[in-house]
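Letters A, B, C, D, E and F mark the chains as written, and numbering starts fresh at 1 in each.
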Amino acid sequence: QVRGDLALANAQELINKMNEKCFTKCVPKPGYRLESGEKTCLSKCMDRYMEAWNVVSRTYVNRLQEETRQHGN
Amino acid sequence: QVRGDLALANAQELINKMNEKCFTKCVPKPGYRLESGEKTCLSKCMDRYMEAWNVVSRTYVNRLQEETRQHGN
Amino acid sequence: QVRGDLALANAQELINKMNEKCFTKCVPKPGYRLESGEKTCLSKCMDRYMEAWNVVSRTYVNRLQEETRQHGN
Amino acid sequence: MVKEFSEAEQRELSKFLENENAKAQIQRSIHTFTDLCWDKCVGKIGNKLDRSEEQCLSNCVERFLDTSLFIVNRLEEVKNKL
Amino acid sequence: MVKEFSEAEQRELSKFLENENAKAQIQRSIHTFTDLCWDKCVGKIGNKLDRSEEQCLSNCVERFLDTSLFIVNRLEEVKNKL
Amino acid sequence: MVKEFSEAEQRELSKFLENENAKAQIQRSIHTFTDLCWDKCVGKIGNKLDRSEEQCLSNCVERFLDTSLFIVNRLEEVKNKL
């Protein structure tokens, strides 16, 4: 239960952030519908955001591990 | 009680947002007092913010109703 | 316990804000290490931020006291 | 000191709370959208929102919700392909 | 395992907690104002806040509070006219 | 209705919860860093993050953590001098 809640909160937060960042980047002037160019941009932006999330995640976890190793537990 | 709390939280949040947005727009260089021009701007800004809140509110609620209608309950 | 929690939360929030503000001001282009110029800037920025915190704190508390005096209570 | 609720009362209460929760969530969203779309759509403060500002606010909310749906649907697709 | 409190102790405790709550609220406000006014008032990082930065910070807090009062008073007026 | 836990189970449970708490904290940090460093490092949306954007993201996280350490250490020093 706790574990499921955590995964869910994590996914929800990722979606919220992508929504905000990609809306800002891809829909600067909201019109009467999402244009196909905007949708293409949104797809790419989602992929880029997840890549960025992975880079950040890897960097941070490596750093945590290194610091744990250096300072003992 | 719950209902009252909700209305209160809602009003408080509206006041906080207006405070932040209208201070930014109307008092770019804070001086030794609120000048009368700044007060005029604040009054108008409050009215505009509430108008905007109403437009957003109407649009969002319409959309929610439409989606509920389309997807059944 | 409550009092300790409060002091701790306060210190933590001050550190978080300084971190964010001073990183933005002093490390606009993060490189392969913190350069000595960046560290000098961070030290100064921390001191300025704490000065600003003190000015804000003094101003706000004075104002609260004045308002309490005026309106009785 | 703690009042005992019958089962019917408990159901009533939990439905009431669920409803209030949904309302609170909707109000939070309205504040978030107004914040975001105000910055995007409202320029100089005039005597009324002009036609184009109103239209921009309404489009801003609609497209933001479209974006949200687009993202969720695309994530579903990706998940199903795995 | 749960300590019993006398009525007097309970009053004492709830006053203490109220006080601590007020203090916590004030500290949160100070952080919020410092955040906002720092962005408005502090430019290049020097060896000391200069006179005009300090004045700007203090005016920023005062005018922000004035704005807050102005808003609440005006909303009261509008409500009373209804 | 409330299950009784043995002492061993309680220890197990509290270790599990602590672990989950630490994980949740790490995930919150990852979201915060991605937010901050995305704005700093990612420009036009291309078909892939380019080499310099990736490097910028990684440096951004590392320098942000360095800044955090720098601040905490300097505050410790100041406190010890008092």
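Details
What we mean here is this: contacts are C-beta pairs under 8 Å (C-beta built on N, C-alpha and C of every residue); 3 or more make two chains touch, one makes a residue touch a chain.
All figures in this text were calculated on a predicted structure; none of them were measured in a lab.
The fewest steps needed to get from chain C to chain D, moving only between touching chains, is 3. With centres defined by CA atoms alone, the chain at the far end from chain B is F. The greatest centre-to-centre gap from chain A, using C-alpha centroids, is found for E. On residue numbers, the A-F interface is repeated by B-D, which shares over half of its contact pairs, out of the options B-D, C-F or B-E. Between A-F and C-F, more C-beta contact pairs are found at A-F. Chain geometry summary: the mean Cα position of chain D and that of chain E are 29 Å apart. If you average the CA atoms of chain A and of chain D, the two centres end up 21 Å from each other.
With centres defined as mean CA coordinates, chain E is found 14 Å away from chain C.
Within chain D, contacts with two or more other chains are made by residues 62. Chain B has residues 26 in contact with two or more other chains.
Read around the assembly ring beginning with chain B and moving next to chain E, the chains appear as B, E, C, F, A, D. Of all the residues in chain C, the ones that touch chain E in their complex are 2-3, 6, 9-10, 13-14, 17, 21, 25-26, 41, 44-45, 48-49, 51-53, 55-57, 59-61, 63-64.
Interface residues of chain F, counted against chain A in their complex, comprise 16-17, 20, 23-24, 26-31, 33-35, 37-38, 41-42, 45-49, 53-54, 57-58, 61-62, 65. Taken in their complex, chain B has these residues touching chain E: 15, 18-20, 22-23, 26-27, 29-34, 39, 42-43, 46. Per the touch definition, chain F reaches chain C in the complex via residues 36, 40, 56, 59-60, 62-64, 66-68, 70-72, 74-75.
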